[in-house]
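Just below sit the structures, each encoded as structure tokens.
In the two assemblies presented below, chain A is common to both, partnered first by chain B and then by chain C.
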Partner chain A sequence: MAEKLGVYICSGCDIGKSLDVDSLLDTVKKGKLASICPVVKKSAVLCSPDAVTEIEADIKEAGLDGVVLCACSPRVKWDIFQFGATQVERVNLREQCVWSFREDPKVPGLLPLMAQDYVKMGVMKLSKSRIPAPEVPETNKTILVLGGGFTGLTAALEAAKLGKDVVLVEQAATLGGKAATMYKTFPMSHPYLKAEDTGIDQLIADATSNAKIKVLTSANLVSLEGAPGLYTATVNAGGEQQFAIGAVVLATGWVPGDKGFLAPMGYGSIKNVVTAAEFEAMAKAGSIVRPSDGQAPASVAFLTDVSLCTKGSTAGTADVCAPVDPLPEKAAEGEPEVSAYPDKESAKHLAYSSELTSLVALKQAGYVREKLGQSVAFVLYDHMMVPGINERYYKAAQDDAGIMLSKASITAVTEDADGGVIVAAKDTLLGADIEIKADLVVLPTAIVPVTAHEPTMNLVYRQGPGFPDLELFDGFVDSNYICFPYETRRTGVYAAGCVRQPMTLAGAKEDAAGAVLKAVQCIGSANRGVAVHPRSGDISFPVFNFQRCTQCKRCTEECPFGALDDDEKGTPKPNPTRCRRCGTCMGACPERVISFDNYNIDQIGSMIKEVYVPDDMVAGGPRVIVLVCENDAYPALDMAAFRGKSWSPFVRFVPVRCLGSVNAIWVADAVSKGVDGVIMLGCKYGPDYQCHFVKGSELCSRRKTNIAESLGRLGVEAERVEQYEVSIDEYDKVPAIIERFMTEVITKFGPNPFKGY
Partner chain B sequence: MSNNSILVVGGGFAGITAALEAAEMGHEVYIVETNPYLGGRVAQLNQYFPKLCPPSCGLEIQFQRIKNNPKVKHHTMCEVVSVAGGPGAFDVKIKQRPRFVTPNCTMCGECEKAASTSVKSEFEFGLVDRKVAYSTHLFAFPQRYVIDGAACAPGELEAIKAACPYDAVNVDDAESTFDLSVGSIIWATGWKPYDMAKLDNLGGGKLANVVSNMQFERLAAPNGPTGGQILRPTDGKAPKRIAFLQCAGSRDENHLNYCSYICCMASLKHVTYIREKLPEAQVVIYYIDLRAPGRYDNFLQKVAADDKLTLVKGKVAKIVECECKSPILTVEDAVTGIKGEERFDMVVLATGMQPSCAGAKLPMDLPVDDDGFIVGGAELGVFAAGCAKLPLDVMKTAQTGTGAALKAIQNVVGR
Partner chain C sequence: MSNTVRVQPDLKFVQELQQVGGEALKKCYQCATCSVVCPLSPADSPYPRKEMVWAQWGLKDRLVNDIDIWLCHNCGTCSDLCPRGAKPGDLLSALRNMAYRSLAKPSIIGTWMSSSKGFPLLFLIPALIYMAIWVLRAGQLGTAFPLFVTDGHTLKVAAEGAIIYGGLFPGDFTIDPIFGAVFAFMAFAFAGGIASMLKGFESMPKTFIVGRGKEPSFLCCLIDTLKVEVAQHSRFRNCGQEEKDVQRFTGHLFVFYAFIALMVVTSVVAVGHWFGAFFLQHLMGIEGGIAALIAWSGHTPMPLWSPVKLLANAGAVALVYGLMKLTGRRTAMDAAKSTSNWYDWYLLTVIWGIALTGIGSEIFRLFGQKILAYPTYYLHLVFVFMMLAYLPWSKLGHVVYRTVALAYARKIGRLPMGELK
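This part shows the complex of A and B:
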């Protein structure tokens, strides 16, 4: 606990102009926390070098263990207000008080009361905060790489180059994966004009001869138990072995899509219709022939338009917009939880593979020219999907007179009497609907991540063996974050290559490097006792008071990152190195046994209690507590204030780590003390969620429904508790959201019936 | 013994990502950025495809990471002048332009009020003017004003200083240089929009109602010049018919011989802006191929279902304007072969991306291709990331930034 606080109130930036700073100082000096605030001062400009020097001197002389700086938003002047080990609490008088204050004609003169509330809340908050002292585990440093294909081998070598030991697990008897089945690949480097060798043989040679890399083939991961930095991997390679693992790079790649989806284009019914993977195998083996008669084809048509196969499925964006699965139902006592793994492959994987489909068609058209001399190649495409630098490779193909390229929508693929294949197409660049007869037709091979079919990771986690929510990504172990492509719901496991997204070898090479960095970084963070993204470097961690735990399992079920396992009784077993410090467990716990040293139930609850609530709403106005996500909604409020927006003077903002950390008791306490309404402002949820902790805002909205129902039973209108989704750029909308609540809820329902009790 | 520090040239998304990922591995990192703010091109975007989420959301997290990590140092308004030494031991000379505003600044805005001279806003792509004392945008990081000393009228700088209540204006600020000793360098200087003025036949830079896709981003942004309303530059009216021209400068041997990767998805995203803000507006996209790779296909399908959007595979040969300043397009539909003229209220050129260093002399001898992309450098201890290396979207940029951080660390570890 911070027990000797310095409280400083700034007069700059309109604060001194709008407020009587001396009387504000008195609220601390004469308040109930005066005894723990030996230093209470004002400053003309608190961020000025002189003022900062003064604070530093006070810390030294008075032995302050915390300073409450009542000035501007904590988002600004952060670099100036840093005082080593002394805890700092920022009270946002500028943005949340004076800049956004609007006088209410019915209850004038509220600004001093609002400022007093915020100052007292800040002092209370810091007084309930301790500096966390995380236990620092001695971590394993070895990287487990799953998959010995191009991506996995690259990852293993990158990790070894960084000095890390690697265990490489490959399911097949030989290394090389899909790349080893390729004759060539499209260009991987400047000038991006010619197909080239994949380089896989060199990668295999380098990995197998590298002393830091232990290669296990014909092997599979039986289970991965533990947590980042502390994993035990059980691998079966003709007998089970265990390895102490720090973090994992998941590079198990892809499997060719179900060829059944290609039936509308003649696959399976027409002999001379093959897939790109089958064509590649022929090229690799040395001779390209027609399956029907073993003769070299004089013409080969590569079809990349798969709309005949995907019709009715790609249009189904409804799938993508469908709501996420509800939380797992609580398993009945003693009942074993069987988790079937729903298969995630669909015809849409053909569409998702479009970039590789186009590049492969160009590459294989090149094989026809290279290996079959006078034969011609047709490439019929709907959209030539070669974004970026590979345009140059496309251009090189266009310059080859033996490769005919045209836009075309394929309408039918049929077999001719002589074994030829007739491709009918419309919307071509050749002026009309056409029919092309080819000796051989090549259809795309869909890239389907192995994780569409199986959990792969075999995690020994309370929440199951695989990655949750993969249906959002059609089975790919992708991230929902554009900005943070390696962040998933499983700390310590970083996917790369085609298991993450359909990608080229050049892309996979880069991706492997990125995933290795994240894996090594995760071990380092675990080893320092700090959080990884997005609260990187945070030393706090959830502490459990197990004596009061009732084994309700809410925390273990709701943790977005699967950080909590449990014992047979249901008592949670924390894994701090899996944890992202969002506080969702703290918000979930009905017994309030989970806390952080510097962020806890009592602390926020005590802050709320510092808000003055007049007994008479008509004379003193209503009061509304706004629990604000500090990542997005809070900055949006700052920006609104900066833009001169204002809102009701009856609201008080309380920042929270994530709405997921909001515990129902805060709402209940607020209501029981007479607060007239509670607003929760958090991130968007649903399939395109913006919550940095994946599920926080969504979970909060579910809990809100429960809270509101409970209030209803007590005779308090459920509408008094509401959650709104606010993006960080909705600074112009957020004042109206608050206004609407004030008129539609508070004005409509009047005072909280508990007021005054 | 190698110097473990890393220099990141460029503070856009690739550079910030690379810097943070390296710093969170324990390395000291310096970001040098030419703009007065970090965030680069993404700071100018309204939303990202395909999630339609605001870039400031991810940037806020990145800035939090910077704030909480003393290992990251950033220097704005800086350029690399020269690089001496080699892998493991570089000596880099940095030039810093004067900002004239000290850390005392509280963003109160009095300087802006006191300034009298205005020039075209670079951040807003010339859509509006800014004062010589200015803040580029709402989420600017660091949050501090800038004074464009060179554009000040005589005495103006002094007047601005006099107006500042926080003694945050230093009239004597001047160009300075400083040196950094680092072991690796990450080159993440990003991209610039292809100059519209080179698209002569399309009226780029000449016809007022023909804007670039980046200008369109600003028109849709709530912190942009119109407060997020899509309005015609000439008369401030909401357009009823809008055309997008894909590959404006890209995939064209006379301009850029590559595809700029993002413009198809960006235009599809712009259709969603229009639909939100102008529900009745008609939109036509003229394209060669609609490039929505991977799972972006879902976004293409979603947008293509808009019944007021027409997708035309075709070429626009020419744009002129009518008396009312509406652009008139000479169009050839590639499938039907039909040529004709189409009138729109506004046209958006989906201009491509060019490496920022295209045409400029680099301060060190790095391998670049004819278009200015960096195509090597690892053996020199320099690792390119983001659009300095290839045309990429934001997600792939973050990926390359992370990969480059690994390479930069490998280069200094155990050397």
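This part shows the complex of A and C:
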């Protein structure tokens, strides 16, 4: 607990102009917390070097263990306000108080009261905060690379280059994966005009001869037990072996999609219709022939428009709007259910592979030109997806007289009497509905991640052997590709290559390097007892008071990252290196036995209690607590204030690590205190979630349903507790969200019936 | 409404097109900038975008029957503004070259005309014919470089005479029958070419124009075309507004009217000789008066003050002026935007040949330089032969093909957006 605090109030940036700083100092000096605040000062410009030096001197002289800086948002000048081991709390007087303040005509002059609330909340918050002392385990440094294809080999070599030992596990008898089955690949070097050798043989040679890389072929990962930095991998390669592993790069790649999905385009019923994978195999074997008669085709049509196959399974439309299920009241008794891994492949994988489909068609059209002289290749595409430098490759294909390209929607693929294939298409560049006869038709091969079919990781985690919620990504190992590439839902496991997303070899090369860097970062972070991401470097960790734990298992089930296992009795077993410090467990615990040293139930509850709530709502106005997600909603509020937006003076913001960490008791505390409403402002949830911790805002919304029911039983309207989704750039929407709540909830329902008790 | 069309791509045709001037055609990515900027393209199925994709797909049947290649006047605006350097203007020019090569029969001449390799042979044909005449006549006259004095109606070789080309190459027996035959051959070839061209146009889908009245007759359209597009160069004037376009328009106009002037001169000579001297005087026995005037006006060599001679000289000057403009434009062309092909250079070469040897013949004759005059005149005959005999297979074939196509386009209402009423 911080017990000797310094409180500093800045007068710069309009604060001094709008507020009587001296009387604000008095609220601390004369308040109930005066005893723990030996230093209370104001400063003209708190971020000036002089002021910072003064704070440093005070810390030394008065032996302060914490400073409360009442100035601007904690999101700015954080680099200036760092004082070593001394804890820092920033009270956001500038953005949340002065800049965004709006007079209410019925209850004027609320600004000083608001500032007092925030200052008291800040002092209270810091007084309830301790410096965490994490356990620092001695971690394993070896990186396990799963998959010995192009991505895996590259990853292994990258890791070795960084000085890490590598265990490379390949399921097949030989290394090389899919790249070894390719005749050539898209250009990877200047001038990016010609298909080139994959370079896989060199990679294999480099990896097998590298002393730091232990290559295991015909091997599979039996289990991965433990936590990042402390894993034990059991590998079966003609006998089980165990390895001490720090982190894992998952590069198990892809398998060709089910050809059954191609039946609407004649695959299976027409002899001379083959897949791109089959065509590639022919080219690799040396001769391109028609299956029907073994003759070289005079014309080959590459059809990349697969809408005939994907009709009715358009990407991203299914189940988007399905409501969130309420929490199961209690977890099922006994053993965790061992269910068959649900298969995640669908025709959508054809659509997801579009970029590769376009490039493969161009590449294989090139094979026709290279190997068959005067034969022609038709490429009928619905869209030519060649982002980046590959535009040059597309141009090179366009320049070949024997590669004829047109946009087209394929309407039918039929067989001609002589074995030729007739392709009918509409919406072409040629002007009319056309029909074209080809000796051979090549359909796309979908890239389906191996994780669509099997759990792959074989993790010994309470939450199961694979990654949760992969159906959201149709089996691709992803968790939030925009903000955190390579990350999976299992800290310490980083995905690269086509298991993550369909990509070119050039992309896989970069991916492998990226995932290795994440793995290295993970090992280093675990070794220092800090979070890897997204709260990189956070030294806090959840602390369990097991005496009061009822083994309800909510925390173990709800942790988005499977950080908690449990023992035979069902007592949670924390794995700090798996943890991302979001506090979802803290929000889940009905007994409130989980806390962080610097972020806990009592702390936030006490902050809420510092808010002055007038007994008479008409005279003093209502009060609303807004629990704000620090990741997106809080920055959005800052931006809104920065851009001159303002809102009701009756709201008080309380930042939280994630809405997942919001415990129902805080809402209960607020309501019992007479607060008229509680808003939870967090990230978008559902299939297109933007939550940094994946499940936080979704879990919060489920819990909110329970909270509302409880309130209802107490005679408090359920509508007084509301959750809103906001993304970081929606600063323009924040004021309206608050305004709507104030008019539709507070004005409509009037004062909280508990007010005044 | 839409009926499915079977397309038959032809790689050889694509490669042929690339060889005859459409090398860059594969670069087109169908943005249609070309069709938008073209000052002459019609609103419905505008060219040259569609020709580009047809060419990429080797759709020979569509391209050889495409009227639009003749509606293009090759200002090169499309090529200048093409973002990909696909040179649509060059492609249409190449397609016209293919038409020159294959429309008229015998197509072997088309093949010879299609590249510089055929040039020596094409040159050799008239060169040998006229050389044979020269040698024969030299034997008869006793010298290869004769000077003549007039003795009534006949010419006599005399040491102190004048250079008279008709003396060495008598019109009645050597020049006129040969050129008559050449002209007939050319006309016959054109007739076949036009028939096959029109048949091709008929096979293409028709353009429907809302609010258009009854379709005018072909003859009316042809007359309108001659009055407007040909005589006034109306399309040419609208085809590009830049300095180089004006240069081209002026050059072409001068060359065109120079040829008209020279054609008038040739006609006067022919009419004077065959109608005046031969028909009226010789056959009908009419002497003096109008017959004498007609005969005299066609009698060569003419005095320099003769209005016909003045016209001829003016034509020659105009021809050289126009040629300088056109040649200057071609040599200054940005190769990255548009390129000139063999057909362009062949025609310019032949016309320069005609102009320079024509003027040279006159000057050397007037200065009495017989050693220079006769070979120059001989070359003049060769070049004129080369222009006339191979006309349907040369770029100059556009005189006929484009005129017919423009008339046909008028008939079916395929007009530039600006001309639609």
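One rule holds for everything that comes next: the second predicted complex is superposed on the first by the 734 of 757 C-alpha atoms of A that agree within 3 Å, B and C clash if a C-alpha of one lies under 4 Å from a C-alpha of the other, contacts with A are read in each partner's own complex, and residues count from 1 in each chain.
By our rule, a contact is a pair of C-beta atoms (placed from the backbone, for glycine too) under 8 Å apart; a residue touches a chain by one contact, two chains touch by 3 or more.
These numbers were taken from a predicted model, which means no experiment stands behind them.
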Under the stated touch criterion, which partner chain does A:Q374 make contact with: chain B (first), chain C (second), both, or neither?
second
Per the contact definition in the header, classify A:D729: touching chain B only (first), chain C only (second), both, or neither.
first
For A:D688, select first, second, both or neither according to whether it touches chain B, chain C, the two together, or no partner.
first
Is it chain B or chain C that touches the larger share of residues in chain A?
B
Touch check for A:E138: first (chain B), second (chain C), both, or neither?
neither
A:G431 contacts which: chain B (first), chain C (second), both, neither?
both
Interface residues of chain A shared by chain B and chain C, listed 395, 429, 431
Residues of chain A that touch chain B when the two form their complex:
12-13, 45, 47-48, 72, 75-76, 78-80, 158, 161-163, 189-191, 314-315, 317, 320, 348, 351-352, 354-355, 381, 383-392, 395, 407, 427-429, 431, 473-474, 476, 478, 480-486, 501-503, 507, 510-514, 516-518, 520-521, 524-525, 532, 534, 536-538, 631-632, 635, 639, 642-643, 684, 688, 690, 692, 727-732
Taking the touch rule as given, give the residues of chain C at its contact with chain A in the complex, in rising order.
2-9, 11-12, 14-15, 18, 26-27, 29-30, 45, 50, 53-54, 56-59
Of all residues in chain B, those that touch chain A in their complex
13, 17, 20-21, 24-26, 46, 48, 51-62, 64-65, 67-69, 103-104, 106-108, 138-139, 143, 165-166, 221-223, 227-228, 250-251, 257-261, 264, 289-295, 297-298, 301-302, 305, 313, 334-335, 337, 369, 373, 375-376, 390-392, 394-396, 398-400, 402-407, 409-410, 413-414
Name, in rising order, each residue of chain A that touches chain C in their complex.
299, 374, 376, 378, 395, 398-402, 404-406, 424, 426, 429-437
